[in-house]
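This report concerns only the one structure given below.
For reference, chains read A, B, C, D, E and F in written order, and residue numbers begin at 1 within each chain.
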Amino acid sequence: MKIHVVNPNGSAEMTRSLEAEVQSAAGAAGCEVVVTYGGSGVPASIEGYADEAASLMPMLRNIRSQDRAGAAAHVIACFDDTGLDAAREVAEAPVIGICEAALATARIVSKRISIVTTLERSVPIVEELVHRYGAADLVRGVHGTAMPVLDLEGGRGDVMARLLPILGGVVTQDRADALVLGCAGMSQYTAALERGLGVRVIDGVRMSVHIAGALAAAQVKTSKSGAYAAPRSKAGAVFA
Amino acid sequence: MKIHVVNPNGSAEMTRSLEAEVQSAAGAAGCEVVVTYGGSGVPASIEGYADEAASLMPMLRNIRSQDRAGAAAHVIACFDDTGLDAAREVAEAPVIGICEAALATARIVSKRISIVTTLERSVPIVEELVHRYGAADLVRGVHGTAMPVLDLEGGRGDVMARLLPILGGVVTQDRADALVLGCAGMSQYTAALERGLGVRVIDGVRMSVHIAGALAAAQVKTSKSGAYAAPRSKAGAVFA
Amino acid sequence: MKIHVVNPNGSAEMTRSLEAEVQSAAGAAGCEVVVTYGGSGVPASIEGYADEAASLMPMLRNIRSQDRAGAAAHVIACFDDTGLDAAREVAEAPVIGICEAALATARIVSKRISIVTTLERSVPIVEELVHRYGAADLVRGVHGTAMPVLDLEGGRGDVMARLLPILGGVVTQDRADALVLGCAGMSQYTAALERGLGVRVIDGVRMSVHIAGALAAAQVKTSKSGAYAAPRSKAGAVFA
Amino acid sequence: MKIHVVNPNGSAEMTRSLEAEVQSAAGAAGCEVVVTYGGSGVPASIEGYADEAASLMPMLRNIRSQDRAGAAAHVIACFDDTGLDAAREVAEAPVIGICEAALATARIVSKRISIVTTLERSVPIVEELVHRYGAADLVRGVHGTAMPVLDLEGGRGDVMARLLPILGGVVTQDRADALVLGCAGMSQYTAALERGLGVRVIDGVRMSVHIAGALAAAQVKTSKSGAYAAPRSKAGAVFA
Amino acid sequence: MKIHVVNPNGSAEMTRSLEAEVQSAAGAAGCEVVVTYGGSGVPASIEGYADEAASLMPMLRNIRSQDRAGAAAHVIACFDDTGLDAAREVAEAPVIGICEAALATARIVSKRISIVTTLERSVPIVEELVHRYGAADLVRGVHGTAMPVLDLEGGRGDVMARLLPILGGVVTQDRADALVLGCAGMSQYTAALERGLGVRVIDGVRMSVHIAGALAAAQVKTSKSGAYAAPRSKAGAVFA
Amino acid sequence: MKIHVVNPNGSAEMTRSLEAEVQSAAGAAGCEVVVTYGGSGVPASIEGYADEAASLMPMLRNIRSQDRAGAAAHVIACFDDTGLDAAREVAEAPVIGICEAALATARIVSKRISIVTTLERSVPIVEELVHRYGAADLVRGVHGTAMPVLDLEGGRGDVMARLLPILGGVVTQDRADALVLGCAGMSQYTAALERGLGVRVIDGVRMSVHIAGALAAAQVKTSKSGAYAAPRSKAGAVFA
């Protein structure tokens, strides 16, 4: 049972750090993972709608190809859940985003959720996802940390020293029961943050692997009779 | 890794049929299950708010006791997700309802969902859950089948002959991509219905076992710092 | 014309103080009241979902029995409006909760409402009621006072000294036109708080008696043809 | 304790029929009523936004003057709840609309509500009120009957023969538990309709008198510190 | 192509300042404008629901008469969008409010909008419009400035000195991308505020003229087959 | 004053027919237009999320380049409003979609709106836009016509004969005041449909040109301080 995890951005370094997290989760979930990413020509991080647009076609091609190669489920490892609907059209196996996985988990274990993301400009994007997933009553705040995605790579100590007081302030302000890490790059700090904050911390990367594994084991497939039907064949069609 | 599945009602026969479904799902999910039920003095089926009330305390006692005995996750196997919030207060392990599990799955694979339940009187209860889980934009209809829960037990052929035309009409009317079976007693007919209807059919019983297994493998725990904190100790307290 | 007021919790002392408030309101409303409570074996206060569950069956039995004895309306005197739907199934006479009565009144006389409750853990429960009653646009905040229900009993002076600055801060922060007291135990302080705060203060206990009296005088009955139909007869049925 | 009921339109005949209903309700509610209406120069029925506008100032003057004369509560006896907010500004006593009163009652006794009004053009107006009162989840349909308000006056038999099949169809289509009569002119047929339809029928006229009586007995006053503060004094001010 | 702009209030001075803004916008929009106002007997400013009521009939008469005189579109130049629905009934040409125009523009150029109005009592009125126009997810706050409408007239320097720090605080608090000026009287300060605040500032007066011009050029007419049908003819009818 | 209209798809024929509509509207609006399209390698029609994804980058490049060449506003001429947010990031001038323009117009002239689109699979996409633009309370239905986009090209007579009965049925079923044409390809039939249906018909293509012209004349610019800030510079960045 193989799970495909795609990092939509073009950063090889972030992909390696993602792969470590994902392999560890896959071990616990009892499944294999294969990790792909956007490669060259794709922005090194997804910070805004145009970055999403630029990452879309390489990501969809990765999903299409892994789907045909037998992946039993796909994970989109960017907290913007970039291109989720299009991905569901081009795949037979189920597709889940890490924001979706994190919220699906957080609402099972808590009633007041805070989300932290990187830049302020990503806040409206995440708020739109919160509405899409029907969690607006549960999520008390989506907060920027003013840390660009790429700053999260590398030196753990320094990142933690910058993140801890910001996230502590968020939890207090929102009177949150659970904190969702709104960026794949924060995944590696989950355990350290939970210790440092004394509050439940949820990482969409790990959870998406577990939920994808569950969907795969249950042999769930994307419905092909409605909105997620395969793209139609026509002049210029890319996936038909 | 042990999953506890509780049938809140008092029907031993329905519990046996549930156990068969659940064992089969657990096999696929790679986990063990233990099944409990309300026992005598509890209504044989949950059809309305007062039936829910009557099943609540025995169910919570089962959850509390299995939680202390080491269950890694709990499933409430009634489509009303009876007592879900109270269950989360008395357990450390995560608790999921079968309506919750079914909707969490259906929204990953489709955009237009129909739900069928048994009696018309359960329709508003399920609609309230649809709102709670933030799926009101996706669910196109919740429909009674005018079949009492207890009629679903036993003779497969007859039940199928009654269910198929009703459910087919529902799918057509709602132009649905996916059909959710809104009663634990329908679980046994999932595969036959999918064949008969030619549409994706989602059964909350099976999916709840898979998702509970994923939560357990990810070592997710209920947040105890907010709404789901353990009951307070006081005169008359039952669970403190 | 007799109104039945049920205190779901097990505190005799709180019931006595409730009875005083209720008798005074009933005098003004021109009706009789009978007051019942959960008695022994029920938590002395309702602070969370599990406490609600533990109080449910004794409360429903009280309602059923007073309904058969001719009560013309029922009041559930806990701000969580515990078991309201189940109560409507087992009674012919209309049933109203004190949160429901308070919000129904507050929205007639104001447009910006603050609600104060006791513990922080009750905040999500009250917020869910605010949504249920369709008042989310009007209610600007639901606030915990960090005072357990049982601290509200007894010594008036001390309680007022603790409550006044907390409630004053809430009104200022929310720029509220009206303050709703979100706990039956606060009822006795209504007049003193209105004087101390200089703002309209609404007490669900008094208002529920007046509204119940109006429903009774109008000979309104619960609809028995849909969601509030009487529980069905079956093995293990308690109320059928 | 005097309740003021204002019919915003200019029909003396409809006002007489309203007064009969209102006096009967007041008798049951144990209060006095005084009935006023728009008089000449005001449309004989309120069918649309411009008719509402034309009735507004005479109605507000009636409310202002009865408030100063000691009315303990006011009822606006038009199902559009015409000018409700402005009325609350010019009165100290609480003001309630008959749509508001009908929905407040219907949601206590049922979960699926149908509303019938006169002309199709009033449907969006009533739907806006349903949203305002937070009852959108409960109201399954607002339906025109294609009967102008003025046709409801006079000959009972003929009106009933036309109304019954229309309303029966509405109840069936919406699978409604309760039917709200969305026009003051229908009030006189309430009991006959309940017998004819076999379903709970709710008349806002009667209920508004009972609820107004309850508010008056509870000595509830409109909050004057926020949105309903008295109009400010200035050049051209009418009510300051 | 003539646009009719109606100031519902009775202030000749405010109307003159409005006319200056409106003529300048009309020049850029390539259309003519005619400006009317409430005249004597109408409140000099619209601050609350009763002031709206008092301005309604003179405003509707102005709209009716300009519509018959060939106006191709109408603008209601009060941020409460006073009587918008009634105006649409009495006119054939399209009618737009300045709050509506401002929000329609702001949502095209930004995702986080702050609105400032004059008195605190107008805040709920504007919030209701925000809901009506479906912009509740975009508008982060509606704020009173504690400046009465009439203080905005006259001495530019002093007004700016009072407004700038208030509006700067609002933008920071809401982390807004765009600031909407919620009062026709603020229109004249738009450019100065944009310079002073360093943020996009949107003035509904100017935008309403441009959008009205666009509707007129496109020959758009109000639909007369539904909610905005002309008032019906009857006794007391004013506009039929 | 130049308006840029981009057809995201790759059909030269549909672009020519679009250009004719657009030039006619531009004439009435008093502005110039330049029309671009996706060109080869882009699907000939946008029918679903993957088609949108495939059209995105060529469209954004067209917008970027026309923005730098001085376009005063941009129109995205696909009823899915494909890539609207990303377009706003890469442009200084305002960007409007044709669905957005159609709904902004329809809500000014009516209260009950029907939308017709081509294939059933586009229905959920349009429903999501209806929610985004806050028009869910006004739009009574989004309907597929089972006509693929490409069938709308060419032979007028035949298309009309197929469209008229379908659209007539939609208007009757929804009791609509206004009908929005949910596909750029339907634009050419607007006048004929309005005559044939006897109801107001709104075409987003024409309206978007008029509104874009109004925004341009008012010198409105996209806010660059928040969600629509220009893409950040980084490795792999395409637009920074």
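Methods note: a contact is a pair of C-beta atoms (placed from the backbone, for glycine too) under 8 Å apart; a residue touches a chain by one contact, two chains touch by 3 or more.
For each chain, UniProt lists the protein as follows: A, B, C, D, E, F = Allantoin racemase.
Fair warning: this is a prediction, and the values are worked out from it, not measured in the lab.
Undergrad: Chains shared as neighbours by chain E and chain F?
TA: A, D
Undergrad: Going only through chains that touch each other, what is the minimum step count from chain C to chain F?
TA: Graph distance in the chain contact network comes out at 2.
Undergrad: As a quick test, compute the distance in whole Å between the mean CA positions of chain B and chain C.
TA: The answer is 31 Å.
Undergrad: List the centre-to-centre spacing of chain C and chain D in whole Å, with centres computed as mean CA coordinates.
TA: 27
Undergrad: So how far apart, in whole Å, are chain A and chain C when each is placed at the average of its C-alpha atoms?
TA: 43
Undergrad: Can you list the residues of chain B that touch 2 or more other chains?
TA: As it turns out, chain B has residues touching two or more other chains at 88, 111-112, 120, 123-124, 137, 175, 226-227.
Undergrad: Dump the list of chain pairs that touch, please.
TA: A-B, A-C, A-E, A-F, B-C, B-D, B-F, C-D, C-E, D-E, D-F, E-F
Undergrad: Give the list of chain E residues in touch with chain D in this complex.
TA: 9-11, 38, 40-45, 47-54, 56-57, 60, 83, 85-86, 88-90, 120-121, 123-125, 148, 150, 226-227, 229, 231-232, 234-239
Undergrad: Note which residues of chain A are touching chain E in the complex, please.
TA: Per the touch definition, chain A meets chain E at residues 120, 123-124, 127, 131.
Undergrad: In their shared complex, at which residues does chain C touch chain D?
TA: Per the touch definition, chain C meets chain D at residues 25, 28-30, 88, 94-96, 100, 104-105, 107-112, 133-137, 175-178, 199-200, 202, 206-207, 210-211, 213-215, 217-223, 225-228.
Undergrad: Quick one: in the complex, what on chain C touches chain E?
TA: 111-112, 137, 175
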